[in-house]
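What follows is a pair of complexes built around chain A, which joins chain B in one and chain C in the other.
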Partner chain A sequence: MAEREKQERARRSDAPASPRSELCARPSALEQYRVLLMKDLRQELRTKEMLVSMGIYALLVIVVFGVALSFARPGADFLEVSGGLLWALVVFTSLLGLNRSFSHETENGCLEGLLLAPLDRGVVFLAKATSNLAFLAIVEVIAVPLYWVFFSSFAAPAASAPLIVVPLLLGSVGIAGIGTLLSTITASTRGKDVMLALLFVPVVFPLLYACVSATTAALAGGVLMEEAFATSLALAAGYDVVMLLASWVLYDFVVS
Partner chain B sequence: MSAAPAAIRCEGVTKAFGTRKAVDDLSLELPRGAFLSVFGPNGAGKTTLLRMIATLTRPSAGRIEVEGVDAKEEPDRAREAIGLISHNPMLYPDLTAEENLLLYARLYGVRDPGARVIELLDAVGLKHRRLDRVRTFSRGMTQRVSIARALVNDPAVVLLDEPYSGLDPHAIEVFDDLIASVRQDRTFVMVSHDLEKGLRLADHVLVMARGRAVAFDPKDELDEDEFRALYRSTVGMGVA
Partner chain C sequence: MAPEGKSPRLPEAGQWPDRVAPAALVAGIVLTTVGFLMAFLWVPPVGGASVGGAELIGDAMVSQKLLLSQKIFYFHMPVAITSFIALVFGAWYSLRFLRTREARYDTCARIALEITLLFIALTMITGEMWTRFEWGVWWSWEPRLTTYLVLMLVVIAYFVLRGSVDEPERRAAFSAVVAIIAFIDAPICFMVTRLIPSSIHPVVLREGGMSPEMGLCVAVVAAGMLCVAFALYRARFRQVRLAQRVEALKEELGD
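Entry: the complex of A and B
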């Protein structure tokens, strides 16, 4: 036993302090995050795979909604369903984008290349979630005004309508965060498109409910705005904090 | 086992997937600068062993050290010493060769990433194509960029997982020349089904079957005829 300990000490004392080459310095997590984020943005701006498919899909959903509502009578009642329809548009569009967001990583085994680097897995998650959020936000900036152009003839929204930006932001943050985790889980499964939807919709349900409630309250205004808006936003913000932290912590386990 | 520092040291390494042991109580010690070829039938556990050394898979039991660093306890430090080349190039097809290598260089904290990338692209003979997307490259060219990627952090240990897969004879020749030129003091571990090539490059050989080491020897202590007979009988065991 003593001989073994002596050998172990001798071995450890002879071992290098760091196996890192002199060509390299200790990489900073912030720089690694920036590098990974820029990689995603550069790839997408070059191929436009996600943005084009999400944009076209959003436009088609708006057209389908237009057809579905073509026999509805204009009136204030429309405002009470419009928040839900807007979130159906956001959820379906983001599902399409999330399914594609990981395809670059699985192609050519790129994810393994990233995992080989001395890199906290949480940094990979944060960079991917940020790029997913950016792409979703770009599509929303185009699709949401378009949605109102299509449906503005049904009813005039309340003066508080611009506040829908807040639930849209909170909802998008949550969708990008939990969607990144789930798309990583389903990326290498068979039937990943269906699998992601099956996991995503139930998990995101509390956030969706809160965001629909806050959006409807902002559009309808009045009593609904006073009663539901702040509470719904608090619920959405709480969901975001808990789920983003959980996703960040669990990401190492998921990619391992 | 000796007390001298080894490039790779495995002690009782086991990896179980459910009740099936892909690697079973494997121990070996590889000195610095060695070239180990790992042989065995499909399902013998060769790639699982390589992935555990690369820190991509955690062992269920046992201990792996890379350059004196415990790969299970301090995987990030161990990763600083490792480069992996496999049949998957791990390159983003829509980024250029230079962008791909810069990405990895920055992730590893290379001090002068621009200069290092140009140096590596020059070494693999693709400096003139550095601004072309990887998607436009042939399989052989992509594998050359992959070698540059694996060497971007100047690793002490290079792992090769079936690196010849999908390469034509000319590309294999180019690949061998490149490996010879970057060998220097690095330690190599190569998983291969190509017995002749594996034996030619190696100074240590490991034969695995059903997750266990059937033989682990320095090549100069081998009787090649006996080894070939052992290899044939082991591969004849089929899927482990």
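Entry: the complex of A and C
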């Protein structure tokens, strides 16, 4: 959290140095991207609406897991389930966040304003996906240790457990990418919350499968780690590349 | 000549493929029937075993049931192939819609996806029957089953999405994007569920390879199913286009 703020402060401080004085010159794509991203981050930092709701929601999901597992016998078997549970937590929390991320764009007609500005749609997509990724990452940084605190009594994870950071990162990138496209689509439909879940869960299924496999491998260690970890990560990365490219290209058609 | 100015904007219907469609339907019916007869009368049971008419007890009874339940394969696989080909067409028309923005391609894509959903449903039903008899369970998370489940869910979501957007222009763009995503997602899903070496989930392994007779039978039924799908597509397309044309004409007369 603090690191991000530091980065943000660094960005703010060098913002005046950028060539804003030339009013006629069109800002570069990088500049546009930065302005859009900062807009989202600043809005979130002032309202803290999304982070708070996502964080509390994640905690509530953990509580529900606690109830669901209250009659399970603690043992090494739990490690094979825990990766999947962790991803269920991530998926539900990210669904909430994605739903929110476009609701305040549509509420006050912000999206129209954004689209009236002479911006490249690809830049809009990248900025939105990055801010979604940032929020998801912050929530994960809070939720994963919480998950560990509540469930580490069931079974001690293998030595390779810190490696779950890699599938978490790959998964979050993919979720933010395809989720941004889908939440833009569903933002202007009737019953948008349900609609997003309907589209998001099946589309993200392959990524989820690969990430659950990698996470479980890292947590359980041993033979599973050698067999499944690298393949799963490669597949998750492949999904990320393909889906991000597709979303980036298709985004133009969704917002125009 | 004067009213010609407006007529190009009317949705047109009844091009040459409509005349082929009834013939395709008949061909489809004949081919699938021939395939059905072939599957039961001509293709030998898998593994060279023979189904004796004698009533056998216990173990042998079960194997007899298995040998016959395998026959559904000759419908299951062609139906699955057809559904995927329909999805390819749906994605192709969606792409063309996004390029040209012509409402005609939106209708094409929508109907192609309707056909896809129909054949996916048939695939799931035949697949379930087979799963039940061959593996003794109603469901297993096997790569092909999983892929089809996910594909079915995306196609259902496609239609729910269509139902929840009112503006035709926007609805067409959104659904075209979702159709393309579905088309990209399905192969990835298959690859992911297939390639991850999994001691987490039991993967049901089956040896591939069909005998020439089996291959021929599958090809005949697949050709028949494709003809049926084509005829259905044209019939539905004609119906929808004519309805749109009537609407357009009504509006024109109302002016």
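Remarks
What we mean here is this: the second predicted complex is superposed on the first by the 233 of 256 C-alpha atoms of A that agree within 3 Å, B and C clash if a C-alpha of one lies under 4 Å from a C-alpha of the other, contacts with A are read in each partner's own complex, and residues count from 1 in each chain.
Going forward, contacts are C-beta pairs under 8 Å (C-beta built on N, C-alpha and C of every residue); 3 or more make two chains touch, one makes a residue touch a chain.
Just so it is clear, the structure is predicted and the values come from calculations on it, not from any experiment.
Once chain A of one complex is fitted onto chain A of the other, the partner contacts of A:Val91 are absent, as it touches neither chain B nor chain C. By the document's definition of touching, of the two partners only chain C reaches A:Pro202; chain B does not. By the touch criterion defined above, A:Leu250 lies against chain C but remains apart from chain B after alignment on the C-alpha atoms of chain A. In the overlay built on the shared chain, the residue A:Met54 is in contact with neither chain B nor chain C. Contacts of A:Ala218 after superposition: neither chain B nor chain C is touched. By the touch criterion defined above, A:Val173 lies against neither chain B nor chain C after alignment on the C-alpha atoms of chain A. In the superposition on chain A, chain A positions 256 are in contact with chain B in one complex as well as with chain C in the other.
Residue ranges on chain A touching chain C, taken from their complex, read 80, 178, 181, 185-186, 188-191, 195, 198-199, 201-203, 205-207, 209-210, 213, 216, 223-224, 227-228, 231-232, 235, 238-239, 242-243, 246, 250, 253-254, 256.
Residues 3-5, 54-58, 66-69, 76-84, 86, 88-95, 99, 103-104, 106-112, 116, 149, 153-156 of chain B are the ones that touch chain A when the two sit in their complex. Contact residues on chain A toward chain B in their complex (touch as defined above): 7, 10-12, 14-16, 18-28, 31-32, 35-36, 39, 42-43, 46-47, 104, 107-110, 112-120, 256. The part of chain C that touches chain A in the complex is made up of residues 98, 146, 150-151, 153-154, 156-157, 160-161, 164-166, 170, 173-174, 176-178, 180-182, 184-185, 188-189, 191-193, 195-200.
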